[in-house]
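My structure is below; once you've seen it, I'll send some questions.
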């Protein structure tokens, strides 16, 4: 356990747990899947989290950055994070190898309220690295398939090789009452699938809004047009859920970096329905 | 009858205090008055309006090591920073004491910020009432006042040749146990009265004044330096990164300002607040609307530092008055 | 016994002339003091004054920038820029309290192994007589 | 006619004819003593313009915010040099800015609510009382520009001190820096899309707000203005902790003048010394 804060009985919330990298797998040219094991057995056993929650990973000597947990706690296969190379911390993390140490703080934030979605049809719409927080949603639903209605997964990326979770596509596509639609901005020689933007695919497939929830994550521009498309299909704002990205530094509601209106994305989010987001004074 | 201490006795008491704990007090150097650690009472400035920077930096330093990272035999050990010894801040003004009370809201909320919590617990506040109201002061519009004792352990108020001493808390009483106090019949000078600013219902007004062209016009003038946030006793945004030097690694946090251009830019380059107006509005809305909504306190104490130090005179008093006007007119 | 002071010199050497010159000194077995840590750069014009200030901030006792003689630049005019840039930086460093003797710009060609050795020797001697820089660079 | 009347008339005329989108000038600040920038978009706003010895801000700093608009700006002589510098560096199109030049009486030291008659030190060394470029001039130029001798007494004084004294002087000042970057933000010459101090990779200046990092910041920023600083003093004026930043800029200015016979912004055509060279010149490294 991290040491206690002297005289308070509390634990220093900035002090990360130490974790060891167990696996590093290339998902796309710029995304690696990092498998971690927490070093302290007691913390490892008690570390529980839900789809949509995130944690900070430290590359020691460089800094830390927030990442969505992309594994499913109940599967007990270790903690997984999809790390896309975008800055100094992510580059440093990608340089690491199995056996190396990282720091981990978390889990933070709220989660997708999957309990509330029992019996509903689920539409998952993810673009690029935005699939990372959606993957545990899909896998949790697949693990409890009978609890949920039909599932439509729309996954887009810039090119076929940027579809990060390709190794799992067969499992997803073959699951009962599950449909997987892939789309890319630019195809390549081997690509026979759809070449379209994600919002266009949503418009073509016209998923029904009846008894349905749409869960979406991706670049802001994709979200904006997807939202418009879903509204056109009759989805009410409370039926559309997303996870907001922001420049968080602490995850504790202290650094005020992720402040939007009276909300801190790190604590009140990152998962919000568009009904909640539309009540923000300032819209992201 | 009040407890009274002469100016000379105050210096000798402070001198003794500096021997037993870290004493932070106003010091004059190069024409500036800044809080700093003093070892001798003679270093302390007593005749100042207010310090250039607020004392928040002694509880929430501009640069703070959260922990050090040590590599040992292939493994990593994290050594948390520790806070040692007791401290006292002498000469804190009531506005700045209120500022610390406001900072408590985010920093002491669970899970508490460990370093801030320890420093706060170990730092006694010896307040000094204001002898005059500077033109930029508006503390009375924000729930405190020039002789408000409510957020300090001890409050001193200059009167005649010395100071009236109020022990406000138990800690204050303990600190004064060895002080050369006398009972005296002294009347404090009348408290100065700063010019009021219309802060009533400011949160309500703010909700209505959000989408007005005023913010873009105001931002024309703003040069987006971090000055207002750094001089503010309440602004608490920070940045965290690691610092490596000659093999030594530390996780550091430093002050940061919502006015700096990359403040909210996320990985991949998306900037949610991408206009100068949106950034400037964030500063005032965080203080006047979001903090009241979130914590029930206004994120401003009326110290006036941002007013005096803004290079282009973005004056929060004027902004508040404008918001009142704009919020009122868009309601009707 | 106190450890004898040995100045630390950072040497930015242009790849085409001065680095080759240093190499030449090595292959010709011309001795020079081991005080210089060499950083190979494509051209002396690549050396940003920021590199020099950073070296001093991180504790260097002296900084050497060496490149081709004017007129011989592999990139035709890189070293003309070097010359102007550092003609300004040197008095500026001095103004900041970093003695002008601690910073040198020298022209050393690929064939001047001996000259490279002389430059390093005389620079080291000069720094030895100046003594260590005051106080740690980082506080 | 008073200079201020001429500024107001010209501003009104430019706004009414829609020759410009806005006029950037000065108005009285809320302390009723100092000045602050005013962006007038409507003819009705021009009555708020003032011009006196408290109008120290270099308003050309705002021209980059209005890059794609046509604006008018009130420019003192030093500010007018910034316009030349920006045009020279392709940051500004001459056609997009209407320059209302003002003959400068020199600025006084102003603090918040503190009126003063004391001329700013920088203004005592000033060699241009008439703008070097303008479209319209408010005020009568002096018969001849004064030549203070020597032009860099402040720099010379510091040069006269020992290296150890200089080192102590600067570390004491840099120690106070809170890295608010107001100096950079106020400077017309600091317009990099990404400032070296904000770069994370490579990391030139560490996150610590500490003497070593502060020294890096302040000295490299000054060096980046070598041969470009137009001596307006904005950086020093806005510094909350009174770091004598202009002493750094003026040291470089003095060297540039002595070595290359150049002063930044006197015209828009001459290349600043660090982007050009003369093959035949002999500088220190050649001697």
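Just so it is clear, A, B, C and D label the chains in written order, and each chain counts residues from 1 on its own.
What we mean here is this: contacts are C-beta pairs under 8 Å (C-beta built on N, C-alpha and C of every residue); 3 or more make two chains touch, one makes a residue touch a chain.
Fair warning: this is a prediction, and the values are worked out from it, not measured in the lab.
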Chain at the geometric heart of the assembly (C-alpha centres): B
Between A-D and C-D, the pair with more C-beta contacts: C-D
Inter-centroid spacing, subunit C versus subunit A (mean Cα positions, whole Å): 51
Geometric centre distance via CA averages, subunit D-subunit A, whole Å: 48
Interchain centroid distance [CA atoms averaged], subunit C/subunit D, Å: 34
For subunit C, residues contacting two or more additional chains: 138
Shared interface positions of subunit A, touching two or more other chains: 87
Numbers and ranges of subunit D residues touching at least 2 other chains: 210
Subunit D-facing residues of subunit B, complex: 30-32, 34, 52-53, 62-63, 134-136, 217, 220-221, 223-227, 230-231, 239, 241-243, 245, 252, 254-255, 257, 260, 262, 276, 307-309, 311-313, 315, 317-318
Residue numbers on subunit C that touch subunit D, as the complex places them: 49-50, 53-54, 57, 70-71, 77, 80-92, 94-99, 105-107, 134-135, 137-139
Residues of subunit A defined as touching subunit B within the complex: 2-3, 5-8, 10-16, 18, 58, 60-65, 84, 86-87, 90, 101, 103, 219-220, 245-247, 249-250, 252-257, 259-262, 264, 281-282, 284
Complex contacts: residues of subunit D adjacent to subunit B: 29-31, 34, 36-39, 57, 61-62, 65, 112-113, 176, 178-182, 184-186, 198, 206-210, 237-238, 240-242
Residues of subunit D that touch subunit C when the two form their complex: 155, 158-159, 163-171, 196, 204, 210-213, 215-216, 219-220, 222-223, 226-227, 248, 251-252, 255-256, 259-260, 273-274, 277-279, 281, 283-286
